[in-house]
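Order of writing sets the chain letters: A, B, C, D, E and F. Residues in each chain are counted from 1.
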């Protein structure tokens, strides 16, 4: 009997019994969680600690979904390398506007996965064309806090 | 005497006289315009025709700014190749939402500059994480009209 | 006894009795409604008919709020003339994106209150700087449907 | 003669004379204002004080419109109880993004009208699906400042 | 040996072998998928068919994530009943703007889970306060297509 | 030979030789730059210094584009006077949301070009109708920091 239960996302267990009556086997974390956590560690170790701490009092499941879904399911998909992913994420967050912390986290992540400072800046400058100058200027301001320390 | 005049963007001339009294020399298009036009032709020839036709009755200068500024100044900058640029532009337009025509134009452009269908789809799927599922689903819908003909 | 009741916005009556026992006097529409309706008639008579018809089956109160609040309270305030108001409204709706019908209604309204075609186009071109080129291009597209018939 | 005048929203009087020549009767606040103020006091007393103080130097009429229109006209309508209203408002403000103060005010209001912490958090987590993870994470951050003191 | 593999989301299998050498057992769909699919069937059966068909040519995994994550993980969480969820989702999508299809799907879903027409309309009217009148008016227009047939 | 080169935006030179072999003439800044700089100085001298300083370490070209394109090409166009432009810009930035610094810069600019405090406040109040009350309230908050010192 296999049971990932409703709370898989919450408890981070996949538990199953080979037969009714036999002892239950628990895998401490789902493979999606493990895969996502490993990827997020590669990409932005500091970001993951901040996220888990931020969510911990109030919404630990949201941190779990970030790890399982955003990183374990989506980010680890083949087809785009992490450098391309981070430049796209930075573009989207700049276009959305008003999400400084996430923008800074992903600018750091972009550096961590090997994007050059020039590529990041180039991406942000290009956003002036698509999302307007105020969005691009604010993004450069966030980038300075990460890249010019 | 060099004069790019106020209307450089509008008239697409750089005119100058070597001396007062001598005949004026007109360069029919600024180099920024020529450079942008050439790039836009490479990237999405059909899009440029549509744009110029769309703007022509009412706002031809906006088409000129697209060519001079968006393509002549920004898109032709070194530091990001066209494939990276188009995936970033697609990400931004998906995040902004409600801009189907531009999204389709840039999905076509992405194909034209050598992005694979898989890379484009991967980029759009990732947007579910950053801009929400409705944005990503609508973007896939636009992509189908371009990629599945 | 004066009673504008909870449903003033809904029933569009202000009713009062000079004395208990005397016949009730009903003013068929609140003065806010009348003032807003008159203004909206000046500004965009066709728009008001469309709005009331659109809302009528399902949310007539929303049409009432447009008339009472948006026009009766806000638009009729002194301090900005209708031409200035319409250019500002057009700017905001262009920046918000994805609201074609309202943009077209207010471009028509701008014409009705005396804005020139050139002022309207100039406003929309300027939006490329603040809200990005896709927003400005889409707005010109909407403007063509109103201004180039 | 009944007169709510153009400045009803501003002066907060409904004044009328039973007959020309008789003394004018002034009701100090419109019933819409009174109804809205009472509701806002129930929902978020601290928020109302902050709002009036914030607007007072520069735009007192905007505070009046919040009270008269947002609360006196809309919030007090039947059909949705305050708990449902606050969860919907929180959802909308999270989706809009970049409006931390209003989000915190309405999270406090949600608590005041009887929403549980779990319902509020559940609503914010769900926003990851519709508005993206960055919007949801930022909303949880705002919620912590209100709910985890 | 338990393996949900990288492609759990894609292949929709959880496969395991009780012992090396024994035949592999495949569960055709993950429990998250099954749970999400069942919920989505309850909530909006037509929507699910449309979604799967829409994504099928190009991005079937995005449909899978909708089912597994949006419905299997998030929507089925306890803490909010489906009626509360749908009104919150409608609020968020109205605030985001420009997502008519999803708005109509969730207005239909709201009806399916037992929201009254009045509750839905009330929610949309309230959005005028938080997201502006154009957003609310457009949402009523979408609602008419669903509710007034 | 006239050469505005690819890096006109970057190097801010237009260089030309009257004849091959003769010494090259360099104009230190393009006329677009000079025209934009002059306009920006009139409109908001402090803003320009802040902008150049902000961009200088990381993205000086973005400051150049602001000056050349946003001011040299667009803002200096005939058809709208600076007072109308600033009220439109303020409207757009308020509608976009989450761009406090640019909003404050343009409120200051509006004052500098001759808009009255009343016109600015009137514009922001009107945004409650089109972009929602939270956007308008936040804009008044920013305006207080500029106008009530």
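In this text, a residue touches a chain if its C-beta (ideal position, glycine included) is under 8 Å from a C-beta of that chain, and two chains touch if they have at least 3 such contacts.
Owing to the predicted nature of the structure, the values given are computational and were not obtained by experimental measurement.
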Q. When the CA atoms of chain C are placed over those of chain D, what is the turn angle between 0 and 180 degrees, to the nearest 5?
A. 180
Q) Among B-F, A-F or D-E, which chain pair copies the contacts of A-B, with over half of them the same by residue number? A) D-E
**Q.** Classification of the chain A:chain D interface as same or different, half of numbers criterion
**A.** different
Q: With chain centres taken as the means of their Cα atoms, state the distance from chain C to chain F in Å.
A: 30
**Q.** Between chain E and chain F, centroid-to-centroid distance (C-alpha), Å
**A.** 43
Q) Using the average of all C-alpha atoms in each chain as its centre, how far is it in Å between chain B and chain E? A) 35
Q: Indicate the residues of chain F shared as contacts by at least two other chains.
A: 61, 65, 69-70, 74, 77, 93, 96-98, 121, 125, 128-135
Q: Can you check the complex and tell me which residues of chain C touch chain E?
A: 51, 54-55, 57-59, 61-62, 65-66, 70, 93, 96-99, 101-102
**Q.** Touching residues (chain side chain F, partner chain B) in the complex
**A.** 2-6, 8-9, 14, 16, 18, 27, 30-32, 35, 61, 65, 69, 73-74, 76-77
Q: Sort out for me which residues of chain D touch chain E in the complex.
A: 69-70, 74-75, 77, 79-80, 84-85, 87-96, 118-119, 121-123, 125-131
Q: Can you check the complex and tell me which residues of chain F touch chain D?
A: 97-98, 117, 121, 124-125, 128, 132-138, 140-141, 143-144, 147-148
(Q) With touch defined as at the start, can you tell me which chain A residues reach chain C in the complex? (A) 128-135
